[in-house]
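Common to both upcoming complexes is chain A, partnered first by chain B, then by chain C.
Entry: the complex of A and B
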């Protein structure tokens, strides 16, 4: 091998996040340490301002969800005085008052918890469903894959909001636990049930791509069973795209929750929810635009936080897009 | 090619059936009593209950009800709602609104999304390119609900440029909701076009064209654009199917009487037949346009052969 070939091979290895053992690190002109996919990705992330904006916002809203009192400026969201109804924002009450005369800032701040709980819970369910179904479909192939993929196609053809809307409308009258509760759990489950297909397809295609590789054949030759091969060898390779997808999906789910709640089938009063606040504020949009504006802004920033982080992660984890 | 299309058509049958069974069973698994709901507080005579139960097959097991529904479907009968109006009439009344909305949205996607994407792709890393990148990220992150209110507040109330609700002013009333509905796809079209153009500008055939001494305008319009637009055209095609079924929020906020708002009203009123009918139609659109796009791909890009 010439030096040039060695260097090329080493570059390929770095980009693929692996090593073949053929390129000896000593001839690598650029680096004397082994770069993994993750350390490369972290290096790229650190330089991306959009990632930092997303990360700071995510931390901010997460803290807000855990200890809303800190952000509410000492106001109790349930302490209301009708005399203040729809008062505009002021120095003391940054977001003004709502129709009931409650401090609006604290109401908006307390809404973060439900949004994040639903976002995270739904995505966990989506991952469990998507990874399990996708791994089985991709690994076993054939008829199993055919059936599972068609089922995914069926769900895929139904718009997310529409499916969740129908299920949540019917939910409270059924005896299915959680779904009949009209709480965050019901909303999250309904969204997960109609939103797992992309995760499944991602995992499935990754599994198919990796399944025929030599190291899987080697593991099989050494007597590893299906489960072990799937869990130890195949799934770790699917982590990167799934991680990107997960981050973005939390944002998408939070937006979908606000929409469902706005449409009247999600969270119900007296829960704190940005969707409910937007819905309540929309009739007063001429006289008190702040009632729609503030929950909308906070909702948008939350969704944006996750989408920015997901975008940055994708750019960082996909070596082909690296210039 | 013919075989591929036939196979794809066959594959759509189980998906269509499955989707309609899925929505049918969720809608009709309701333990509620639609006849009681229809009558409200007034007492209903047993004779009326019996007639209604028979007409809507309410006593049959779920699969029998579905079978009856399917038989009707193949004869072009989507059933009637509880007031006796045929679902087909409801669709005929509301579908044109949604189609108009979709047309306006697609025009926005093409005019704004494509133009922004082409300009950004040609001048990569320029100020305009970065502007497109940042603004598309922001637009994608704004929930359509928020965007709808923002548009109403800004262009409708503050500036007074556009009507904020209803269809009384003809096509003009579709501008604002069309833009809102298109926003997400518009941003995606811009990004897709940008990436595609930037990739194709590095291709060998572009270098050849440059080496031949062709003027830059000709290289971009005749050589690069044509190839770069293939993924964009197919995306827009598939998006039509999604837009036709995804306008619930837009139509509700802007008070447009299309199938999205109709299905939302039907879900709230538990009008099972209307829900199942419209949702099945939406699924059909989605699958149909995806199929068209897959075939179109092979027509536009001769390197792709489905054999």
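Entry: the complex of A and C
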């Protein structure tokens, strides 16, 4: 955010705070109330139908990832009968059967777990790397900033998919743990390693904007040390845009995972993965279009859910977007 | 600039020990376009219970000198030299960690704009309590209890109810009280107030100044009041140092300086304030602009704006205003001024 945006934000907080302050003065000294930026953002989110669509879909896919049995309509994804190969959807088997004659609905449902694990794990790594590197670069500036920013620039020069593809290709031949496993952890790490730079830049620019504020000078004048100033005073005022970015990024990572898997370097059979299912179904797309259609729809919905939530969150945290 | 190192002026209402000695303090900002000299060798001292007002226009270096004392200037680009002795120990020679220990319990500061000086994402109770958590390792509960006490002490009504409110939910005057509560939390020996009332309206200004005076009486702390408000200085300060272009140009007790200025700049300041006796007359502003600190005029920095300047043949030898830098010298009992012709200025306004 620019200084102007920050000023607007602060102004909006004042305006919003005046009314809430008058309407409901705090009476409970023990309550742990959220600050007004977040409570205002929540009020704005609650009114946004797109947020609710995203939130409901996210909850749905999350529950699906945790307890897929509930959604598989009693079918075992591994119980296959070749006699049913490529059978079209029916009332009993909503998504039909795949090439191996396995119930396709349960296969697609079981695929949610890997997608979400990879999405969330990759984003957690992106967040940790981005916040740590960005905060250090922004706060200390100078040579530190120069070195860290150039490292980020080098990673920027490598496209996400290409970088992850190369890493996953050579990964199994190395002895680095996780990376050499070809499991969800390897895919998530590969994607995070080539996707943390935008988060880092966001945090860095936020930290630079916030560190020159008067309350940081005040905190220093009161004898607070560097760590305390950075963690307690700067970061809480700098995280909002990063949060928005990472929410959207979960969706992007899930799509990237499907792409890598489709290209054959991500998850490997017999793992359940939408990318694998699309890849397996593509050769039969004329006879059995449902094999590509259903995993694609579910994949699109999942990605969309996170992007919708991220968009809604961005609008809620940016007062200029508010009506 | 050794000529500025003179003995501290005797003070009016102080009997306590010396808390702070600033000696030949210089602050420069090294920029690509050149060196900006914000503070050029100022020296002063502050005793227990004393209120020293530092008076000057915007850009005279008064805030920068305070920030240098607090150690909150970014170094670089700022370059601080000289000595700042707090209770005899030079803060500029201390380690960063030792300096940090002095900030808060030793020297504390109130900022001009309380809204931007309070962190918007924390409740005021959390921010006041932070002082106890940082310096005394207090628990959250203990810190909060002490925060409520402090808010009572600075007379914030319904402190127990408001301790969890956020800065934007307070009025300007109440926010400044929160700032003051934070600054006095650890009973500092010295409180620096950087234009504490500039952002407030007149009635609230008076309340805040009264509060500061009361707190000073209770604790005996030294108060450095940085302001351009002559009225505030007249009411609360014991001694005054007038700054111009990063130098102290006049120093003395408030009564002396205000009744009879010893420097043409101070004289100009006094003339630019409405006087009851001079009702109906025109105010006399000081002509011109404060100097660019990257290119301070030679000789007396005030000479381009000075009505009493003597140039060329008019000047006494060695006292040419555009060539010779006037040292801060004793011009009358307890009075110091940095003007070659101070004696001509003195007595003009004496009633």
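Basically, the second predicted complex is superposed on the first by the 288 of 323 C-alpha atoms of A that agree within 3 Å, B and C clash if a C-alpha of one lies under 4 Å from a C-alpha of the other, contacts with A are read in each partner's own complex, and residues count from 1 in each chain.
Quick note on the criterion: contacts are C-beta pairs under 8 Å (C-beta built on N, C-alpha and C of every residue); 3 or more make two chains touch, one makes a residue touch a chain.
Everything numeric in this text was worked out from a predicted model, so none of it was measured.
Trainee: Could you look at A:120 and tell me whether it touches chain B, chain C, both or neither (first, second, both, neither)?
Mentor: It touches nothing on chain B or chain C.
Trainee: Is A:233 touching the first partner chain B, the second partner chain C, both, or neither of them?
Mentor: second
Trainee: Now for A:55: first (chain B), second (chain C), both, or neither, which partner does it touch?
Mentor: In the superposed model, A:55 contacts neither chain B nor chain C.
Trainee: Thinking of the overlay built on chain A, is A:155 touched by chain B (first), by chain C (second), by both, or by neither?
Mentor: Touch partner of A:155: chain B, not chain C.
Trainee: Looking at A:280 after the superposition, I want to know if it touches chain B, chain C, both of them or none. Which is it: first, second, both, neither?
Mentor: neither
Trainee: Just to be sure I read the superposition right, which of the two partners does A:220 touch: chain B = first, chain C = second, or both, or neither?
Mentor: second
Trainee: In this superposition, which partner touches a larger number of chain A residues, chain B or chain C?
Mentor: Looking at chain B versus chain C, the one contacting more residues of chain A is B.
Trainee: Using the superposition on chain A described above, determine whether A:129 touches chain B (first), chain C (second), both, or neither.
Mentor: Neither partner.
Trainee: Taking the two structures together, which residues of chain A meet both chain B and chain C?
Mentor: none
Trainee: Touching residues of chain A toward chain B in the complex: what are they?
Mentor: 50, 150-151, 153-155, 157-159, 161-163, 165-167, 169-170, 173-175, 251, 255, 258-259, 262-265, 275, 278, 282, 285-286, 289, 292-293, 296, 299-300, 303-304, 307-308, 311
Trainee: Report the residues of chain A in contact with chain C in the complex, numbered from low to high.
Mentor: 10, 13-14, 17-18, 20-21, 25-29, 31, 33, 35-37, 213-215, 217-225, 228, 232-233, 236-237
Trainee: Note which residues of chain C are touching chain A in the complex, please.
Mentor: Result: residues 67, 70-72, 100-105, 108-109, 111, 113, 115-123, 130-131, 134-135, 144, 148, 160-166, 168-169, 179, 182-183 of chain C touch chain A.
Trainee: Contact residues on chain B for chain A in the complex?
Mentor: Interface residues on chain B, with respect to chain A: 11, 14-16, 18-19, 22-23, 26-27, 29-32, 134, 137-138, 140-146, 149-150, 152-153, 157, 242, 245-246, 248-249, 252, 263-264, 267-268, 270, 275, 279, 282-283, 286-287.
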